[in-house]
Each structure stands twice: as structure tokens, then as C-alpha cells.
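Listed next: structures, encoded as C-alpha cells.
Two complexes come next, and they have one chain in common, chain A, joined by chain B in the first and chain C in the second.
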Partner chain A sequence: MFEAAEINAEHKDLIHDVAYDFYGNRMATCSSDQYVKVWDQIGNEKWTLTSSWKAHSGSVWKVTWAHPEFGQVLATCSFDRTAAVWEEIIGETPGPGERGTRHWVRRTNLVDSRTSVTDVKFGPKCLGLQLATCSADGIIRIYEAPDVMNLSQWTLQHEITCKLSCSCLSWNPSLTNNHPQMIAVGSDDNTAQTGKVFIFEYSENSRRWMKIETIITIMEPVHDISFAPNLGRSYHILAVATKDVKIINLTPIKDNSSIQSGLTKLDVQTVAQFTDHTCTVWRASWNVTGTVLATSGDDGCVRMFKMNYINSWKPVTVLKGDGAVIPNDAHRGSIASSTGVLTPPITQTARYIKLGSISQPRDLPWH
Partner chain B sequence: MSTISVLQEGPVNALALNKDNSQVAIGGRNVFKVYSIEEDCFKEICNLRASKHLNLSFSCNDVAWSSTDDNYLATAATNGHVCVWNLTKSGKAMQEQVYQEHKRTVNKVNFHSSEPYRLISGSQDGTMRYFDMRCKAAVATFLSNTESVRDVQFSPHMPHTFAAVSENGSVQLWDVRRTEKCIQQFTAHSGPIFACDWHPEATWLATASRDKTIKVWDLTTSKPTLDYTIHTIASIGHVKWRPQRKYHIASCALVVDCSINIWDIRRPFIPFAAFNEHKDIASGVAWRGDSQVFLSTSRDCSLIQHSFKDASRPASKANIQALDISTKGNTLFGMRVPVSTNTTKPTGLMRKSSTSTISDQFHQSASVLHQFTHVSVCNDLSSFEFLAKNYILYGRSFPEMCEHNAAVAKECGKSNISTIWKIVNTMYGELYVKIQAMHNNGGLNLMNNVDASSTEKKNNDVVGEAAAAQFSSADDDVEGEDQVDHTAVANGYHTYNKYGHPKGDFSFGENELDLELDALSIDYRNGMRNQNQLQQQEDWTLPNEAFNIRHEIRDRSPPPEQFPNNNSPDFNDDSHSSTVDEQPTWLVSVSKIPPMPIWDPSASLIESLKHHAEKGDVQTSVSVLIVLGEHRKNLKTLDENTVTHWLMGYIQTLERFRLWNVKALVIELAWIPSISQMNQQSTRINTNCSQCLKPLQRSGWLCDRCHSTDASRCSICHQVVKGLYVWCQGCSHGGHLMHMQEWFSKNKQCPTGCGHLCEYR
Partner chain C sequence: MEDENLKTFLIPNDLCKSAGIAGTWMSGNKIGVFPYHNINHSSKDAPSQYTKNVPSSVFHVKHEVVLFHPILRRLVTESMGIFLNLQTVVENKPSDYKQHLQQFSVQYRSVIRASLENLRDEVLRATGEERETLQNFITIFYSVECIWHLCEILYIENIPGHVVIKHLLEWVRFHFPKYERKAAFLLSGESIGSLESRQDYWETVIGCLLQGRVEVVRALLSCHSAANSTHFKLADQILKSMPTYGVYEGVSVQEFNLRWKHWLVDTQSKIDSKLFISEKNLHLMMRLIVGEEMAWSEVQSQCEAWYELLAAWLFYTEPTVKSFELGAFAKRCISRMGTRMHHLDRVLLAAMEGDVQIIKEIQHMTENGWFVTHLMDLLYHCEQLEKWQTDKEDSLKLRHSFVFEYGNTLAGHKSLWQLGLNYLDHCFPDGLAAIELLLPRVPINDESKAHRVIQEAQKRGLSHIAHSVAKIEGLKSLRNDRMGNALVWALRSQDSNFASFLADKFLKKYVDTGILPNVDLLSYLGSCMMASDRLIFLGKYYQFNKLHKDKSYREAAKALVSLIASKFTPKFFWSTLLSEALTLLECDELLLSSNDVFNLLNAVEERLDCLCELDELEPLIRLGIARNLSRALTYEAQYT
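Coming up: the complex of A and B.
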């Protein structure tokens, strides 16, 4: 059961992104009004606005939290062609009874893009402080802060060109060094009749990011893409929001050719496809264990999907954007999906050259 | 009309359309041409730089076309000249007038909208000059009292009024008939203003500045009011209102942004449309009479006619919804809602209005944000927390831990996980150990003492359990009730064994066994957990020390060396060939002493653990593995990478729930070096001396500088702190955790009286 509560965010334009922090006690919103707002929740009380500032000189598309190990750090990206890293600092002299004056300072402004920066995401914690951005001109950039204590110094490590305009990206959140670093990028291009989801992998051998897979079954513009948190799976799950919801399993294949080439070969399988929204799907988001997928679409609903005991995905909940919960809709949805939606899994494999086991796991101080 | 372009030999600074919008004049440092605009191309009519007598007055900062007479052009030259060109003439005579009055470069020329022959110029020298083309000299000079005038524009509404903007951020309104003083002056921007434009209908003046804003001023009243502010991504060099669209204005940037943006001033954050054809920054924009076509020049040497149908719409690419799920399973959802001007009722449904066009809807954008809070009593995430807190992972015997954890799982409704624990207990519990031991000793010692039939019963149990276990592991989500009961009985049996014969001496009669077994089974059902806890507390609870002895030591499983016998060749073949049916035969006839067939449960267990991990429930997998202790050695096919992955996954999830103690425990109990090292990283904290605030580098209790040992004392009871010491990073004072807790529940200031407001949370 869900209880809906409206939060009056008081943004003057569209809210493009919301992000909970690692623990779920804080959230950040960003909007076209160029402001970023940070909210705190103490206990189960209402969200209180703790900071609000003009972050960019263009629409702020995305906001994302860094792992709390690095401090209270946000990254934003904007139409103004920049991405920025923000850190919260607590003022020197808190007044009596006050929690202190909190404010966010811009630690760095990443100005390499020549077009709108459409997404920004921090890399998995085990890689240190890494930041990936993608922009409308189809360039993915990987930045790294060599010193995690100094957030003002970021070096552009890699530039990956992806021919199509990028709209969203997702790091593979694998927690160990067993899996090579992996990024999935989606394109909202609506002209080219090609695959719109690309998987890139960092090759330890060539010290470059290489495209290892193009998911050619997705030809529609992609609005959001999200790797499921992988706590112990041997394969990766990718959710793609396009005109419908797609759940894709990426299973690394270990064979001789992939060991020789140094690049992972992936077995790509579309395991579920839901047209429940019946219109454009804008967002896809996973819960922390990677067991529930929530998507939202133009129908103004949040729909949740869960994998059942025989490994097939089923709709479980529908939440309406105006706060109402649709009762029994899940049942209806499941019928709809089981009749029309589940297409036979499309299997494809691809061979590429390179793979490297990450030989030097980054040594990080454990706090 | 389509997008067409023509390339020039040099950068173009400005353009001007003639009054019927059929021809365009472009000017730059090395370019000065007139083109006629054809359907699909630009046709050069004349090149005014074709003359042999080129001089600096030919290089233009700005070009203007007379609004009354198609034959006259005016240019603002970089050398301070204002030139008037007569297109009917040729050669040197074309340059009809050259006014050499400005001392510095001229930024702008502008023809009067109604009076022919009249034009005005604004210059870097801070003056504006009003010319009559029939006179050799300026008819009026206006002193702006600023460094430089960047733009001058005649008002379309007030025939004698013109606006001038300057680099100091001020806007001046002048009457051409009054040269001594401006009508109105106000500071519009914090930085230089580069351009201004009068709205063709409304009494608005738009100003564009280096401060990255375009401001729209209403000048009807004596005091100008700022009606709209547009925030752009770069300094704005030019602005031009879009004809026939009251709220639209075109802008081009002076740096960074090469595109020409069309804004709806009611949505001042994101352009309504953008034209990205230019490779370098655009230097001028001119609308071709209607709202759908405009021309632009650029530093990339091109002149382009843009058609609105080729515009890109930045807002349409924007993601209009926001969604995230928190650690606790709460969902945040922000979505676009229609903003209707007359009603304020927000509805969740999209408005279906077929009549309104894109431009009508464009400015009406707002989002609502909802949080859906998980309120159900029993969900996966709350039970995760409960299980993490209540599982016992060390410090007791293996069966006890399994029993306890099974009961805990049952308590929060996870009957399948509860069953896993019971099965694990059966697989690797007391009995398993005994059978292992039996094998090691050839079965002789025990067999002699034990009644054959009881052993038989025991074995049947084992086999039954094993079969059940096998079945359940393969598909543990569909566990039958009967199995659970079965397991419960078996568990009772083990418990009996343990408490009745603590040292594992194995001798009892059948009757005795049955009696006790029944009693215990009932006991079990009536609250076995409590009883267990009671006994376990007596037996197994150890002082809560900083370094717990690993539970393996207390585990009463036989030393690991005996396990490999599992695989020893002498009975390997037998164990494979013998079947369940054969068992009674050989059990009864003890004399044979054949090796007992052992079903190795590890494969099924691994499969089961993997199943749980794949389902996102690493908690079960990791907890079972930890509790298994030494039995983990049997799980040979479970590779370390996978287990590391599970452990990391569990640890991260514990972090998310802020279950630091459980996390530390899991790390401590982890048998994989890369994980167990995590507790040994960054464990050192240097305190400060409470007297001189010097960081205590060498030891935590003696200050090198002032030789005080105060840092080791509690600032409340003044005793030396042994155990948990809490201190304030701000003032370096601290003490016993309990004392500090008590103090800060009532006070805010530091107990030492140093005046520091310690933040104790």
C-alpha cells in the first residue's frame, strides 16, 4: 500500500529530475527554472526545504547524489552546456538552537560540452569519484577527481563519441571489480533507424572505453535508461523507457574469444516489454535491491513491475500522478501484459575485441 | 520558404532588409554586399567593395536600409565614419555621404521609421549623432555621458523618440528635438548592454546584456517597470522581436552559443525554438516580415535564411517527468501538469485540447511532485531491516543459530526464508556431522552402541529430509506445509540430541528417544524459540568484547581434516552406487560395516543460495553462508568472486539502512580477505588535546606539548575513560558516552564550560 502526499516544490517551471540520497532521507529536485532544491526529512515528517539556489543559466536536466562517503555532494547538468559538482558546507557559526547555516557551493563547472548536457551520473563508489556526462551532440565524457578530498579538481579522462544525440546514461552499479566498468547510453534521436541503446565498457588493456553492444531491437527514442542494482546477480538488468517499458538482461558470456579480446561478450535478451502506459514512457527507476522497477509515462501513472518466482516480470502496482492509487489495476495490468506483451525473447550476440580483468582495484580509504 | 545559405569571404557583422523584404544588405570587415532573396537561393545584386578605392570606411559594424527609400543604405564604419550609400549610382559615387564626426568606432546606425533622409548613429565615443542625408554634417549631437553607446533604436510608437543603451548598463530615452538632456534614464543591467529592440506593438523595450539576461521593460509610465527577465546561457549580442507573436523574441549570443534562440518571454528559462545552423556565433538577425522566416549573419562567414519549420525545440527534448525510489521504497514522482489560466485546479490527467497550438501551450509549464510512501506493515524492505537486526550470525552452535534465524524469518512472515534455515540446519546440523564422523570412523564405534532400529529411523529421517531439501532447494518458493512440519520434528530431534547429551555421547534407547522427541516437538511448536534462547543464553553467550572469538572455535563440528574423507576413494564408489532402498539391509546387518551413502547437499544449497541472490535477496545467501562457518568448505563450486559480490551487495544494503553494527559484524565474520580487510581500513582517529587543542598524534592520552593527560578523562566525572569515548571535534572536549548523552539531553554548551555549542546528535 502506498500513501500519497503532495510536496509543494514551488519550482517555477517543469521539474525534470528528483533524486533521493543514498539513505533516502534527503532529496534534490531540479527544474527548468534553473534552480536546484534540497529537501530534508527528519523521521517520517514532511519534507522541509533546506537549500535552494540558482545552479545554472539554463534548464537543469538532471540532479544526482554522490555516495555519502564523499560528503554531501550533488552533480547537476544543464541546457547551458555545463555540468556542475556541488558540495554542501555548514556555516561557521550556528545560532543557538539552530542546525547551522547550510549552503551549497559550486566545486567545479565542467564546460567541455558544446551542446546541452543531458545526463550526469556518478560512477560506482568502488571506482572512486568518477562522473559521466552525456550531451546532445552525442559525446560521453568521463571525469575523475583524482583526490576525493578535493572536489574542485576534475580531469576529463575519456571522451566517447556516440554518433547519435544522447539523452540518458546509466552506470552499471556492480559493486566489485569482477565486472568491468560499464555504461549504458540511450539516445532520443528520432530520425536514424538504428539501435538507440549503446553499451560501453572500459577496456583495461587499451585503457579506453569501447562500445561492446548496440541494442538494435530498440529503434525508438529512448528517454531513460537504468541498470538495476546488482547485489548478487550473475547478469545485469537494464530498464529502458521508450515508447514502452523494456527490461533487458545482459549476461556476460565467458568464452575463449572474449578472454582473448579482453572485452565482455554480452548475451542480450529482452525479457519483458510492457505497453501498460499506452503512451510515451519517460522514466524508469529501480528500488535499491533491483527487484522492483518503477516507470512513469504520459498517462500520468507510476507503474511498478516485479519479477515473480518463475523469473517473469509482472505489473504489481499503479500509482496515479495526482496521488490516487488505482485499486486492482495491477491485476488488470497483468492480464494485459500476459496476453499481448511478452514477445519471444530476442537473442543476439555480438563479438568484439578486448577484455581486461581490472587488475588494480582502486584502493580507497574505507570510512 | 526553406532554409538557404550563402558563404562569404569574411565574417559578417550585420545585415539589413529593404522595406519589402526582398533584398538583404550584409556588412562586415571585408564584406559589403546586397543580395536579392530568391525562392531557393541568394542572388548577389551588387558588391559595394568592388570599388578600387577601398578604405576603412568600407568596413562595417552595422548596416541599415532606409525604411522609406529602397536606394539608400547606411553603414557604421569601424573607423568612426557613418556612410550613406546610394545604390542607384556606381563606383565611388555610391558613397554619397561620409560623416567623419565620431572619434571612435560607430556601433550602430538606425534610420528614422517615417522621416526619410534621417538617421541616427551611436558610437564607442559615447555620443549619438543625428544626420540628415542632405546635409554634410550632423544636425544634432547627443552626449550620453557614458563610455560608449552600443545600440540606438527609434521607437516605432513615438516618432521622435529613440532609445540608446550603453556599456555601463544604462538605457536612455531621447527626443531628437532635445539634445541637451535625455527624457529618461535608468540602469537596466549590471553589465554592458549590447542591444535593444522596441516591441513592434506593445510599449516594451527589450535589452540584452553581458549579464546573460534579456530584460523586457514597460515604458508606458514615467518609471520603467521590468516585466520579464530571460536567463540565457551566454552574453547576448542581439535581440529582435518576432513579428506577429507578441511574446516571442529572437536572440543571439556574443560568445559560446552559436545558435539563434527564440524565446517566449513568459517562459524565461528555456528557448521556445533554436536554430543551430551557424558554426560560429551569430552577429545579426532580421525577420523577413512574417513570423516564419528570418535571416541571420554570422562570424562563420555565412548568411542564412531560416525557416521556422526547421527549428529545433529544446523543450521537447526535455524529460517532463521525474521519478526515483528511495532506500525505504518510497517513490517520488514529479510530472507536468497543465496550467490553466482561469482555473487553478491541478488534475492528474493531461488536458486534451486540440485547438491550442504549441506556442500557446509552451509557456504553461509546471510540475507537481508527489511522494508515495510505503505504508504496508510487511514489505520486503522493512523485513530486510528486521532480519538484519535479529539474525544471529555467530556465537552459538550451528543448529541453534539456524533455529533462531528460522524463527526470526517466520516472525516477519518470510516462511520461505524460514524454511531455508531449517533445511540448512538439517543438511549441515548435528546429524550431518555425526554421519560424517561415522564415516570417518568406519561407522564402527557408534554402531556398536546404538540400537539398530533407532539408527534406521534416523537414517530414514535423513533420507527423507534430504529428499525434501533437494526438492525445496530447486523451487523453494512453493514449499509445502507438510515439509515444514517434517523439518520441525527433525529439528526437535536434533535439539533433543544436543541438550540431552551435550558432549555427543550417543547412547539411548528407542522408547526414551520417542518420548523425548514427542515432548520436544510439542515444545517446539509452543515456543521453541524462547526455550532455545533461554538455554542458549546460558550456554553460548559470551562477554561482548571488542574482539569476538570467531564462532568456528566453539562450533562442535569435527575438525575440518575429517571432511575430505567425503571424497576419499575407498568408499566413493559405494556411496554412489548404493541407493535408498538398500539402506535398511546394510544397517541391520552391522557386521558388514559398509560406508554409509552420503548425499552431498552442497550442490543444492549453492543452487538455492544463488537463486536467492538472483532474486535480489543476498541477505539470505550471505547470512546462511556466514552461519555455515566451517561447512563452507564443502561448497566447493561456489567461487569466491560470486561470494564477494554477495557480501558487497549485502554490506552496501546494510549501509543504506544505516545498520552499521550489522555491517561491521558481517565484515568481521567475512572469510574473504578483501572483505574482512574493510574493517581494518581507516580506523584511526586522532583526538585533540583538550587543553591546547593540539592533535594527539602519538598517543590518545598524553599531549606532547602541554604534557597533560586531560584528553583521556571524562569532562564530567573527571575519571579516565575506558571503553567508549565521545568527543566534540569543535572544542576537543569529551568523555563517557553515557555522561555526554545525559549532559546534552539537557544542555547545549560543552560541559567544560568552554562556551562551545557542541552539536551532539
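Coming up: the complex of A and C.
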């Protein structure tokens, strides 16, 4: 059984992305209204809007949190061709046009891209503070903050050219001595007749990012891509949101050619393919332990998939929007005027209500 | 094990319905769902069609976990204790290992029973929705205990020859206690008037007969006013002489069957001779105990459940029935009673049939995996699981998947997370990896929780997590301007970069305010301050400061010289350091030997070219050095 609590997000347009901090206690939302909002959980299901600011001059596509070891840090990317890194400062009064008791400052503006920046992701923390962006012009950029205590200094370390327009990227979170840095990139190009998922690896020998694999079995536009957190496996699991949901196992192979080149060779196996959404899948997101995959599709549903004890993936739950509106317990404060008058923080206490459900007989073939 | 019917849960929101939805994981079993419609970089950057002042909401969706209800807290914690003890016993494998397993099963059941009692007490006090919730729990856990008990009899307990009838009767008696109570009341003598005039007398007698309580039946019959009549005496005689199979009585099954058949024939002949006709109830009873079909059809309405009927009927018709034979008989009882099968019925039947479906059925009991996890773990250790699966490895994987899932569920709870870790410890190989992913994400709202998380990390050799938590706590302290606390955490985190950063802050504060913050802490930390060069410098500077305050100027001077000569002085601190040096140089008392002064001069000269801020100080320093040098040399010439 599922329960849900509603938080009114107050964006004036559709939300493009929602990201939660490491502990699930803070929520950042971004929207076509060009604003980023940050919410804090202060009690049991009590959420307060602590900051809201105009982050870009175009729709903000993605927002993502850095690991808390770097402080309270966010990165955003936008249609306005920039990506930005933000840090929260406590104790200063917010600037004009902003609301809240906390204040987020722009630490850097990354303006290298000539086109819309489609995705932005922080790298695994053991690599220091690194940030990867990808753009519609097919270039992936890796930035680094050499001094993690000073976030205003970022250097562009690498530029990787991917011949097709990029829509999404994912860092491989599993890093050991056996696994060098790895990034997966997806392209939503719909004209070229080539694979749309690329795997890049950082070569210590040549100090460059090299493409080690193109997944040719995926030829349709890719909208989201995500490595699963690693539960001590020797292989990697990649979820791809494309015309359907695909789960791919990438197993490093040790053979002569890989030892010579110093680059990993991967065995690519599609272990699951789900057409449950029956149409385009836009997003794929893994839970903390990488045991459940949640995908969103054009059928208006969020679907969850899980691996059972004999290592085969199965759909487990479906969430769908339904018309009935429930009365909202939220208390709403007054909206700040454009002169930037401070308003009391908006706190919402949302009750959990049980979600109604409908049962459907399985009519789709398993993989 | 998968669902055949996939459930769709509905988010009650118009915008979600019209635009579509997307989800991002929050933590544990929570997911944030929001209305979403895909727009990409190639579409126009303009307000979407969905803006109409319709508020966009984010829904925090979570799996309902009844186990998190405070009233079940004891169940959760105590069962964890039993689980851990069980794993220990299994690892050590003592000789009476199987015996132990049954004891653990009994322990689990007593924990459930204790919870049920607690729930029953609470439900009397509760009202409204809470009351309904508690009632629901009672129903669930009643079923859980009932099924568990049966599984214990069939799979865990080592019953010689698998002759289970006595255990089965005990099980039924526990769940249908009404006849025992009534009989006790009737026999207590509290009832006024003759017993048989009571409406419930014969019902009670027959009810007890059906539960195999032969002694009680005889006692009740002896209270009948006609107890001394021939047919009553005869009935009593028959009941007394009825052979019952007792596993430990040293009688073999064949021998028992012989005696029993003998008794059957004897009793049947007496019935045929119409010896009991005058009392129809007595007649019915006699017909029942010889297994006459018609008689049983008459009484089956007195049974609330098919398994009541099953136990009763088997006692009188198949007293040496084996556990694995129950399935077929069960089906017969079910069809005789025309039962509409509810969930509990299906599970009990599956258990009796030894059907692997039982696992799936148990999974569907809505107590979030508590039942299936603990029972399957026990059955795995009894080697029962592998009888249902095709191979031992699969049964291990199955058991592992339940324990893993349960551990994960608990690990996501703000108070029960430590219990979750204990379960994950017993999930080789990926339990530890799951802990590595989950432990750092336990939200920390105060320092004691941080200490607990660090302790749990260190217990499992996960020092990188301990260091990470310490670093984060240090950052939090820094944000709240608690520098001393931040430094303590920084040292614990073994992050020298962070420690140096803080040391700088301390020194900067001294430069700005003339006060070195947290001196108590610095004195306490002493030797720990080796983590970084900057920290060592801070430690030494603190020493100098202390000596100066204590007016041990000579030692202070020596400390200062070594500080200046060391390579660790941060740039911004030079002017402070040299000003301090100046005061010492200008002191009336001669504090520095000529050697010291030369060292000082050397150090200053080395750095002067790159420290242009010291322009003002430079001439003063040189003067001070020169004067001191002259005094020192003079003194040394005189006295050596």
C-alpha cells in the first residue's frame, strides 16, 4: 500500500526536475519559470520553503546536489546555455527579489557551451569536486574545483566531443582500484543511424577521457541514463530511458587488448527491456541501493522495476495521476512583492493519505 | 516472487493527470512524484500549456510500513534479538542444533502472542481510525501466529514418524478456546440447576469431543443426571478404553492400529445393537467416534473452520496420520464444508499440502515482510526451503532476498536503522555493500546520532564512512561558527585539508581580534594536532601564547624563534609573528641568545623579499635584532 503527502511547490510553470539532498531532507525544484526553489524538512512531513531565486535566463532543466562533504551545494543547467554552481550561506539576509531565511550565492557560472546545457551531474566524491555537463551541441565538459573549501574557482579540465547532441549523462558511482572513472552519455538525436549511448573512461596513461563503448543496440533517441549504485558487484548496471526501458549490464573483460591499451573492455548485455510504458520513456532514476528503478513515461505513469532473487527484473508498482483533488492542509503565507519584502516562511504540513489503487491483469510479455 | 496483478496507485491531482508524472527517489522507500511533461531543448522556451495558475505540487510517496507503527516496536526489536541468536547458533552448529531451531520458533511465536495481547489491550482504549488500524493488526498477526504454529508442527518440530495428530489438536484447541471455557464453567459447579437442561450442555460436550478432549467429555457426562444409567456407563467405558496414539508410549504404529481397529469393531457392534438409542446425543457421539459419515455431516456445522473439522475427524478416523498426508484430507474437509477460501485458509492449505505456493501467500500478508523473513530464515536453516526449491543455492538466494529486503526496509527508518544494519550483516555478499550505501545517508540531527553512526561504521570496518560523517559534522559546526567543535570533528575525519583550513581560521581570528579562540580545546588537543602542517603550526603557536601569558618569557622566546624558523608560517600571519618577536626583542631582560638572534635574522631575511607587507616592520625588526644581538654578544663575552 502506498501513501502520499502533498507539498505545494509554488512554481509558476511545470517543474522540470526535483532533486533531494543526500539525506532526503532537503528538496530542490527547478522549472520553466527560471526559478530554483529549495525546501527543508523541519519535522515529520513539515516542509518549509527556505529559498527561491531566479537562477537563469531560460528554463532550468536540471538541478542536482553535491555530496554534503562539500557543504550545501547545488548545480543547475539551463536553456540559456549556462550551468551554475550555488552554495548556501547562512545568516545573510536575502537579496532583492528573493525569499527565505537562507541565501544561495552563485559560486560560478559555466558559460563554455554554445547551446542549451542539457544535463549536469557531480562526480563521485572520492574524485574530489568534479562536475560534468553535456550540451545539445554534443560536447561533454568536465570541471573541477581544485580547492574544495573555495567553490568560486572551477577549471575546465576536459572537453569530450560526442558527435551527436547529448541529452543526459551519468557518472559511474562505483570506484575502486579496478574501476577507473566512467561516464555514460545518451543522445536524443533522431536522425543518425548509430548507437545513442556512449561510455567514456578516463585513461590515467593518456590523462584523457576516451570512448570505450558505443551501445549499438540502442538506436532510438535516449532521454535519460543512469548507473545504478553498486552493491559490490563486479559489473555495472545502466538504466536507459528511450523508446522503452532498458537495463544493461556492462561487465569489464580482462583480455590482452584491454591490458595493452590500458582501457577497459566491456561486455554489453541487455538484461531487461520493458515496454510497459507503451511509449517514450523520459526519465530513469535508481533508489539508494540500486535495487529499484523508477521510470517516467509518456503514458503519464511512474513505473518501478525490481530484481527478484533469481536475478531477473520485474515490474512491481505503477503510479499514475488521477483527477480527484484532495483538500490540501497547507498554510499559505502571502506572496512576496517585487520589492523584495521579507515574508514569513511558508511551512506546509502535509498529511499522508492512502493512495487508491486499481489492479490490472498482466498482459505484457515478460523479458 | 512476483505479482500476477500489478497494482496502479493513483495520485489525486489534476495536473498530474493531464501533464503526466515523473519521479525522483528521496531516500529509503520514499519517492518524490511531480507533474511532468517532457520539453526539450529543441522546443520553444516559453511557458508551457500547463500554466494556468494551477499549483504544481510534489507528492512524497512512500510505501506504507505497518511495522513502523510504535505499537509494534517491541515485536520488531525482540524478534531481531531472536534472529541474531539464531544466526549465532547456526554458525556454531552444536549437536542438538535441530532442537534449538524449534525453540527459536517457539520464541518467535511468543513474541507475536505478546504483541497480540498488547494490541488487544490498546484497542479497547483507542478510537476512530486508530482503532481500525489496531483491529487490522490484530487480524493480521492472529493469522500470522496461526500459520506459524502450523508450520512449526509440520516443518520445524522433529516429530517421530511424522505422526502429528496430537500437535494438530493442540493447535486447534488454542485457536478455538470457546469449548474449553464453557466446559470449565459447567464443571465448576457454578451453574444452577441440572446441566443437561442448559441449552449449551450437549453443544459443549460434542464440541469437546471434536477437540479430542476425551477426559473432559467423560467428566461432563458424569454430571448428567442419567450418568448412572447403563448406556451412559457404557459410553463412558468406551471412551475410557479408546486407544490414542502416543509417540512416546513405545507402541508401534502397527500394534496401535490393531488395538484401535479392535476397539472400533467392538464399539460399532454396540451401536448396531442400538444400545444408545435412548439418548440421541449419546448415540450421535458414539457414531462420531467410529467415524460414521452421516454423523460427521450432522456436526460439521459446529465447526467454525475446516481445519477444526479436519483435526477432529482425523483424530477419530486416522489417528496415525502423517504430516505429509494432511493435504488430501484437508481438501476433503474444505469441500465438505463448502468453505469460501480466504487468505488464511489458502495459506494453511498450502502448508498442509507442502506447496511452495505457501511462500508467495505468506508474502502477501501485509506486515511488510516480518513474517516471511523470519519464518523463511528459520525454514532455510531447517533445510526445508531447499525441499521446495530445485537446489540449495536457490533456497539460499531466496532466504537472502527476504532478509535483505527486510534489512533495507528497517535501515530507512529514523529510529530503527540500527536494527536494519544487523539484518544486513547476515546477508552475504551484498549486505555489507548495502550498509555502505545506506549508513552514510542516515539523517543526522544531533551529535549523539553522529557518534552512533560512526560507531556502527567502525564496528564493520567502514572507516571511510566514519571519516565522512565526521567531516560533515565539522562542516556543520563551521557553518554555525562553532570553530572549536569543527576542529575536533576535522581531526576525527582525518581530513588534513579541512584541518588546515580550520587552523587558518583560528589564526586569522587571532590576527583580527587578538584573541586565540578555544584555548581550552587547543590545550586539550595537544598531540592530536599532527594532522597537517598548518595544524602543527597552530599547536606550536598556542604553546608560545601560553608561555607568554604565563610570563615564562625565556621559553616563550625560544618557542617563537623555532616558530619563525619553521617553514610552516602562513603568509598572513607573518606580521603578527614578527610583532610578537619585536616585543620580545625590546624586552629589558635578555631573552635570546646570540645564536637565537642569528637564526631569527636568517629567517627574517629569507622571507623578507617575498613579504612586502612588512615594509613598516622591517626597519624596526632590524633595529631590534641589532640591539638584541649586541646585548647578547656582550653578555656572552662576559660570562663565557
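One rule holds in what follows: the second predicted complex is superposed on the first by the 306 of 367 C-alpha atoms of A that agree within 3 Å, B and C clash if a C-alpha of one lies under 4 Å from a C-alpha of the other, contacts with A are read in each partner's own complex, and residues count from 1 in each chain.
Note that in this section a residue touches a chain if its C-beta (ideal position, glycine included) is under 8 Å from a C-beta of that chain, and two chains touch if they have at least 3 such contacts.
In this text the structure is predicted, and so the values were computed from the model without any measurement.
Superposition note: with chain A as the common reference, chain B and chain C are in steric clash.
Applying the stated contact rule after C-alpha superposition, one finds that A:A136 touches each of chain B and chain C.
Contact with both chain B and chain C is seen for A:F2 once the two complexes are overlaid on the shared chain. By the document's definition of touching, of the two partners only chain C reaches A:V318; chain B does not. By the touch criterion stated above, A:S234 is placed in contact with chain B alone, chain C being left untouched. Contacts of A:A294 after superposition: both chain B and chain C are touched. After overlaying the two complexes on the shared chain, residue contacts for A:P146 are found with neither chain B nor chain C.
After overlaying the two complexes on the shared chain, residue contacts for A:G24 are found with chain B and with chain C alike. Note: residues 1-9, 11-20, 22-24, 27, 29, 31-33, 58-59, 61, 79, 116, 118, 136, 167, 188, 223, 230-233, 282-283, 285-291, 294, 296-298, 300, 302, 309, 319-325 of chain A belong to the chain B contact set and to the chain C contact set alike, using the contact criterion stated above.
Considering their complex, residues 212, 231-234, 256-257, 267, 269-270, 314-315, 317-336, 346-350, 365-376, 380-381, 384, 475, 477-478, 610, 613-618, 621, 641-642, 644-646, 648-650, 652-653, 655-658, 678-679, 681-682, 748, 757, 759 of chain B touch chain A.
Those residues of chain C that touch chain A in the shared complex are 1-42, 45, 47-48, 50-51, 55-64, 366, 394, 397-398, 400-401, 408, 429-430, 432-434, 437-438, 440-444, 468, 471-472, 475, 479-480, 497-498, 501.
The residues of chain A lying in touch with chain B in their complex are 1-9, 11-20, 22-24, 27, 29, 31-34, 44, 47, 57-59, 61, 79-81, 94, 96-97, 99-100, 116, 118, 136, 167-168, 174-176, 178, 188, 223-224, 230-234, 282-292, 294-298, 300, 302, 307, 309, 319-325, 365-367.
The touching residues of chain A, counted against chain C in their complex, run 1-20, 22-25, 27, 29, 31-33, 45, 58-59, 61, 68-69, 71, 79, 90, 115-116, 118, 125, 136, 148-149, 167, 188, 223, 229-233, 280, 282-283, 285-291, 294, 296-302, 308-310, 314-326, 328, 350, 352-362.
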